[in-house]
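Both of the next two complexes hold subunit A, though its partner changes from subunit B to subunit C.
Let's look at the complex of A and B:
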């Protein structure tokens, strides 16, 4: 149940740590797992300019506005078999404009909802999908 | 009962992380903690208690409580625990197994006859010894007084009263 101003943990290695939702990219107030949102990066890992020139991944700084996909929510999600699953936090993975993940690794769990919503690349990068 | 068992065999039933009850499909909730550990709850009751950090061991209706306090296990245990004493045929030091067996299987008449014999033998022996002692006493020197053990040791002897 992510909406504007919701804070999410960023669980890829793009460099961002915390992102704030600024827009839900569907015609609804709330976004859930597998929905795309626009985020502003609120907290990021420090980027040192000298070493980062060799990196292929984009540099994420605090204040960047990016797209992201929600991978975990604290609000329970209903599964087709009728059970409800909820996680301990809200988390997202940053995306580029082609809907591909910005980072090269994902750290932590993601919800299996992503498979149904065709986020194949994210699911394949994730170490564990529940 | 059979129908439920049939159903159970088809489904994978989860167990509640708090109460230990079985969770049928489309019932209850799943909570995945930050450390990736999965908890399944049968109902909002168990979920709520879990999130209040309650210890299921303290709730008498949970499976964990019943197991730790060994409730409902006594009937099973009582059935299994009928011990049977096994009899061993074993020899003892000094007496071989054959000797034991022979003694056991002795007939009462044989035993009583043997006993009577032994008794009569003993009597005879005693008679002989008594006769020997008498003879020895008669031949012994007169001066020998009967010394008690204490006297032989040299202990102080009370003077015996001769009149009351």
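Let's look at the complex of A and C:
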């Protein structure tokens, strides 16, 4: 149940650490796993000039506005067979304008709902899907 | 579908008024079998059908809904997993809050692939057929809780790997904030892996 002002952990290697939701990109107040949101980066890893030129990945700084997909929620998600999954935190993965993950790795587990909502790249990068 | 049940209840009421409450159960049974034979419309007849209503000897005026609930549980209880949820069973036979439980789930009714999850049972909701329990585990430094419906046909196997010791509550939600050493056991991981590997072989 992510809405405006919800803080999420960013679990890819884009450089952002904490992002705040500023818009839910569907005609609803809340977003859940597999939904796209617009986030503002609140906390990011320091970007040094020496490494930035060699890396091909995008530089994420504090204050950047990006799109993201929610991968874990603290609110339980219902599966069609009556199962419920709940994680201990809210987490997202930053996306670029083509809906592809910005980072090259995903650090941590993601929910299996992403598979059913066609986030194939995210699911394949994730080390563990539950 | 609601109107069908409405007419069924009207027929049962009419029948029971004429013949007495006990026969209302028999009339439902007859209704199910007769309506199944009707060729114009198709009805779902739950299998297996029971010849006699599942009343207890101490029930002088049995309640229809209680008997229907018992029958539903008997139909869903394919591998005797109801023994895990009986309150009066011995602690080593039944599932208690604090046990390390392994659940194997089928991915779909047609697919043969399975998913497994091991965790500490932190809550059990005993609701007859809708009995469910919550398992909690820490996977990749993130706490994950899964709530399973015990009698779902997709739940292939429920096994208690280790009995919990020293848990004095029915609901262990405090483990979310104060886990202590509950999720730090390396033996837990080994048990989960061995259970998962036997699941894949079996």
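Convention: the second predicted complex is superposed on the first by the 130 of 130 C-alpha atoms of A that agree within 3 Å, B and C clash if a C-alpha of one lies under 4 Å from a C-alpha of the other, contacts with A are read in each partner's own complex, and residues count from 1 in each chain.
Convention: a contact is a pair of C-beta atoms (placed from the backbone, for glycine too) under 8 Å apart; a residue touches a chain by one contact, two chains touch by 3 or more.
Everything numeric in this text was worked out from a predicted model, so none of it was measured.
Chemist: Do subunit B and subunit C fit side by side on subunit A after the overlay, or clash?
Modeler: clash
Chemist: After the superposition on A, what does A:108 contact: first (subunit B), second (subunit C), both or neither?
Modeler: A:108 sits against subunit B and subunit C alike.
Chemist: Subunit A residues touched by both subunit B and subunit C?
Modeler: Common interface on subunit A, subunit B vs subunit C: 76, 81-89, 108-109, 128, 130.
Chemist: What residues on subunit A touch subunit B, complex-wise?
Modeler: Result: residues 76, 81-89, 108-109, 128, 130 of subunit A touch subunit B.
Chemist: Please give the residue numbers of subunit B that touch subunit A in the complex, ascending.
Modeler: Those in contact with subunit A are residues 25-34, 36, 38.
Chemist: Per the contact definition, I'd like the list of subunit C residues that touch subunit A in the complex.
Modeler: Counting only subunit C, the residues touching subunit A are 105, 117, 132, 139-149, 152, 154, 176.
Chemist: Applying the document's contact rule, which stretches of subunit A touch subunit C when the two form their complex?
Modeler: Interface residues on the subunit A side: 72, 76, 81-89, 108-109, 127-128, 130.
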